[in-house]
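Labels for the chains are A, B, C, D, E and F, by order of writing; each one numbers its residues from 1.
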Amino acid sequence: MPQPDHVTALDIKDRDNLDERRRKYLRILQDKLGFVPNVIQAYSFDNAKLAAFTDFFTDLMGGASGVNALEREMIAVVVSSINRCYYCLVSHGAEVRAQSGDPELGEILAMNYRAAELSPRHRAMLDFAAKLTEAAHQIEEEDRQVLRDAGFSDGDIWDISAVASFFNMTNRMASAVDMKPNKEYHVQAR
Amino acid sequence: MPQPDHVTALDIKDRDNLDERRRKYLRILQDKLGFVPNVIQAYSFDNAKLAAFTDFFTDLMGGASGVNALEREMIAVVVSSINRCYYCLVSHGAEVRAQSGDPELGEILAMNYRAAELSPRHRAMLDFAAKLTEAAHQIEEEDRQVLRDAGFSDGDIWDISAVASFFNMTNRMASAVDMKPNKEYHVQAR
Amino acid sequence: MPQPDHVTALDIKDRDNLDERRRKYLRILQDKLGFVPNVIQAYSFDNAKLAAFTDFFTDLMGGASGVNALEREMIAVVVSSINRCYYCLVSHGAEVRAQSGDPELGEILAMNYRAAELSPRHRAMLDFAAKLTEAAHQIEEEDRQVLRDAGFSDGDIWDISAVASFFNMTNRMASAVDMKPNKEYHVQAR
Amino acid sequence: MPQPDHVTALDIKDRDNLDERRRKYLRILQDKLGFVPNVIQAYSFDNAKLAAFTDFFTDLMGGASGVNALEREMIAVVVSSINRCYYCLVSHGAEVRAQSGDPELGEILAMNYRAAELSPRHRAMLDFAAKLTEAAHQIEEEDRQVLRDAGFSDGDIWDISAVASFFNMTNRMASAVDMKPNKEYHVQAR
Amino acid sequence: MPQPDHVTALDIKDRDNLDERRRKYLRILQDKLGFVPNVIQAYSFDNAKLAAFTDFFTDLMGGASGVNALEREMIAVVVSSINRCYYCLVSHGAEVRAQSGDPELGEILAMNYRAAELSPRHRAMLDFAAKLTEAAHQIEEEDRQVLRDAGFSDGDIWDISAVASFFNMTNRMASAVDMKPNKEYHVQAR
Amino acid sequence: MPQPDHVTALDIKDRDNLDERRRKYLRILQDKLGFVPNVIQAYSFDNAKLAAFTDFFTDLMGGASGVNALEREMIAVVVSSINRCYYCLVSHGAEVRAQSGDPELGEILAMNYRAAELSPRHRAMLDFAAKLTEAAHQIEEEDRQVLRDAGFSDGDIWDISAVASFFNMTNRMASAVDMKPNKEYHVQAR
């Protein structure tokens, strides 16, 4: 049975209010990737919602940080694995494969990061993200201290927390509206 | 033992880069509430992060929607209750008490929404938010249909999902950095 | 939608058999508190059941012990928080606020005791109560030793165990019959 | 490695204050059973605690009720199975075997009541007790209605709730203090 | 209500294809035990399935190993307890009682192995089996090292893992088809 | 950090006792696949263990059944996803991709089968396998009836149960010994 190719399961009327900055953003994505990611299409029914989402995402994943871009993608995949979010596993799994040049790494983080051979820094980072996802109310000072001991600054801890928290939002948003990933991701960087 | 009055447990250097729009936002909050909510103070170390957070929040909780402002606060409290987020329970619990004029409602949603007497509309809305919080990967079309049957449009389902998802982010962010609520909330609207 | 003001959801015929000692007990409560707590009203349909409950409760919470009265109320609130018991959180939350003179403490224990600043003694006591509530079958000698190391005697361990165990009973009894708290508690000691 | 034969793991000084009524109770148990159950021995260090426990227990398991004595023991065993309480499974498992004359029933309830062939009445009763044990905060009016539909009165629902709740207390008390069952139970009614 | 005496709940046509070796195996079991275990009867509808199961089982539980026969039965019972498998708890509980000559040991492992007095070797072995049953994806090198530190060789770790894994299969098979134990087990070795 | 290429984390002395039939089996695999799957290499230290495993596996996945070969692989992947078994997800995910000619299907079953568009037959089959994996003790006659209503015979129910149960064994075995998949699987049938 072929998988559906809808963007989401919701039928929301387009408010047709995208400003020039957002229209340009969509064109850039189309040019650069060859497609507009479905999450972006999904938010495009309203300018304020698209702007809020993309501004947040851009700073989160692209802003200056002691946690590099690949590390932020690794967190995205591990959080999405725990939450079993198909959209985010497919799209950010492709990103880890592409950025790391290591297809196995993308797979193992999507399946069970505890089975991966990881540096102590990455293990500490992903353990924190996992605990924050599964039992946020049990995070305490000693959990933050483990990150400091692994070489992260307090600013880095903010960023690790922000990325892990954000994907706990988007994983749920994707599941709530049955967002499906663009088919292009499946073959990328294998 | 007196509770600590820190904003967060992290020691992050202020980047001193707030633009005029954000500085004005902080002044308005101070004037209107008598204090700047700690979550806003926490994000204020960087203009891009504060802007992204407040823009997202403003549209989410204040934008036009078939899900009214009190209903959005009710979702915030129920999600925060499941995640046992002290910051959000205190601040949004106060908001439910204030907006509803019903202190008991604020309490019961913070403690166990299933014990509350709720309209079928509100029960459906909160059940969806709870399932999305606890088992997002099990949300399916029949869960969305329950919302439609309770009178929500597909646009409303987007908004319910967005609010519930957002508090799954902020609950975790608050727990990750040990964000503490302003003491003013405790006595509001009792 | 106003919350119901029933005592419980059950319609049980009053056996009209309270003895003089129990009738006096009800009068004293009315005089002292200004109301008879609903849990007492709920058990009043039968003399033997009311007697058994109140005798047990009186010794448990009021008997001589190295665990003081406020500490016993703190355990009650933490256990009730894990079990999400609305009745017990409202009534014993009020008691913690009143006995401690610290409204924040009542709130934070009802929401997430791990977010509270606590003495090592209180943290050990509440961790034991939480583990006993969530995973009693995993309690072992080393858990009891943590309490001894925090300064508790074996008699105190009995009392901590008894209070935590008792609220695992009453939380379930309150949920089973939908017991609702007297409205007077909400505003007490804020 | 032989199992220890202590009553509990706690070393509590006997307060030597049992009144005549309690001393007689112990003698009757010794005469009738050939031994004093360890739970009774455990509470015997203090008259008020022994009195409160035995009075509560006596009315709960022996008082007049539409839920008969064997049914109350069945609830005890199912709750104790979920909580994995060795003491209560051994002692009340023996009681189910003895009262039912059906050793298999005692075993299957201690292991997995869902695998047992049960009347609709007993299945409803045990399902309620199991849900109350595992997820009390999710009990709602429809759960009580299932019991009514199976023929239970509201008074019976109180009693089912009371028994299930009580064993959630005693299971935890037994685990908290490492109470061990008298060895006599093992061979009874096989 | 008497328990059913079916072998399984499935009505599968016997393929009547047992070879001489398997027919002999059934006769030996009947002669030695006085009955053919229901698990063997259940697989007997097809020669290939009976052969595969019995060959696997024979090597697993009877092959040469540094983990002795009683220890392998202890693992079987602890895994079956976690999975609440009535068939395996009854049959392998009887086996532990018989092989150890210690009826209490059979009971306590079936109910809560953490309540048992065990040698460090046995505790390490059963903790590994329990974790493998409850959270296999969290097993890491440090878990294997605990076994080595308790005196087990890498070959023994294979065998412990194989037994614990196998009962995670058979527990599920028994539950899936509602396999019921032969009544003879109940009274054995009490 | 490159992933390790060990077969398992255990250092077990090869018993050098493979019979001709097993040696031939290894040669056939090498010729047909271009490699010997690591699970087969792992069991090859002993003839009896290799024979037992391969005989069981061959009948299970290759024997005649109303549940076709692809369906059995689909069950394998869904069970392995719940148990987060890296080895089995990689190897059987490749098998689903290859047998179905649908790379997306392999991915979505490995990540969250509930997000997939499935026929009622396949959904019933996978729901049964998932419940058997997560809560085997709650499987009852009504669960088997759902399979019958979806068109499965009692013999098919045996086979579905057997496959789901088997992967609950092998998932744990792979995690227990840190079995790593052959790297060839990653690029197959993308």
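In this text, a residue touches a chain if its C-beta (ideal position, glycine included) is under 8 Å from a C-beta of that chain, and two chains touch if they have at least 3 such contacts.
Worth saying up front: this structure is predicted, and the values here are computed from it rather than measured.
> Steps needed, at minimum, to get from chain A to chain F via touching chains?
1
> By label order, what chains touch chain D and chain F together?
Touching chain D as well as chain F, we find B, E.
> Going by the touch criterion stated earlier, list every chain that contacts chain B and also contacts chain F.
For chain B paired with chain F, the chains in contact with each are A, D, in label order.
> Go ahead and align chain B to its copy chain C using Cα positions, then give the rotation in degrees, nearest 5.
Resulting rotation angle: about 180 degrees.
> Taking the mean of the C-alpha atoms as each chain's centre, how many Å separate chain A from chain B?
The mean C-alpha positions of chain A and chain B differ by 22 Å.
> Per the centroid of Cα atoms for each chain, what is the distance between chain C and chain F, given in Å?
Inter-chain centre distance comes to 50 Å.
> Using mean CA coordinates as chain centres, what's the gap between chain A and chain E in Å?
It comes to 44 Å between the two C-alpha centres.
> Touching at least two other chains at once: which residues of chain D meet that condition?
In chain D, 84-85, 112, 115, 137, 140, 175, 178 touch at least two other chains.
> Let me make sure I understand the interfaces: which chain pairs count as touching?
A-B, A-C, A-E, A-F, B-C, B-D, B-F, C-D, C-E, D-E, D-F, E-F
> Going by the contact rule set out above, which residues of chain F touch chain E in the complex?
The contact residues of chain F facing chain E are 9-13, 48-49, 51-53, 55-56, 59-60, 63, 83-85, 128, 132-133, 136-137, 139-141, 144, 154-155, 157-158, 160-162, 164-166, 168-173, 175-178.
> Per the contact definition, I'd like the list of chain C residues that touch chain A in the complex.
Those in contact with chain A are residues 112, 114-115.
> In their complex, what parts of chain C are in touch with chain B?
1-4, 81, 84-86, 89-90, 102-105, 107-108, 110-112, 115-119, 122, 175, 178, 183, 186-187, 190
> Would you pull the chain A residues touching chain C in the complex into a rising list?
137-138, 140
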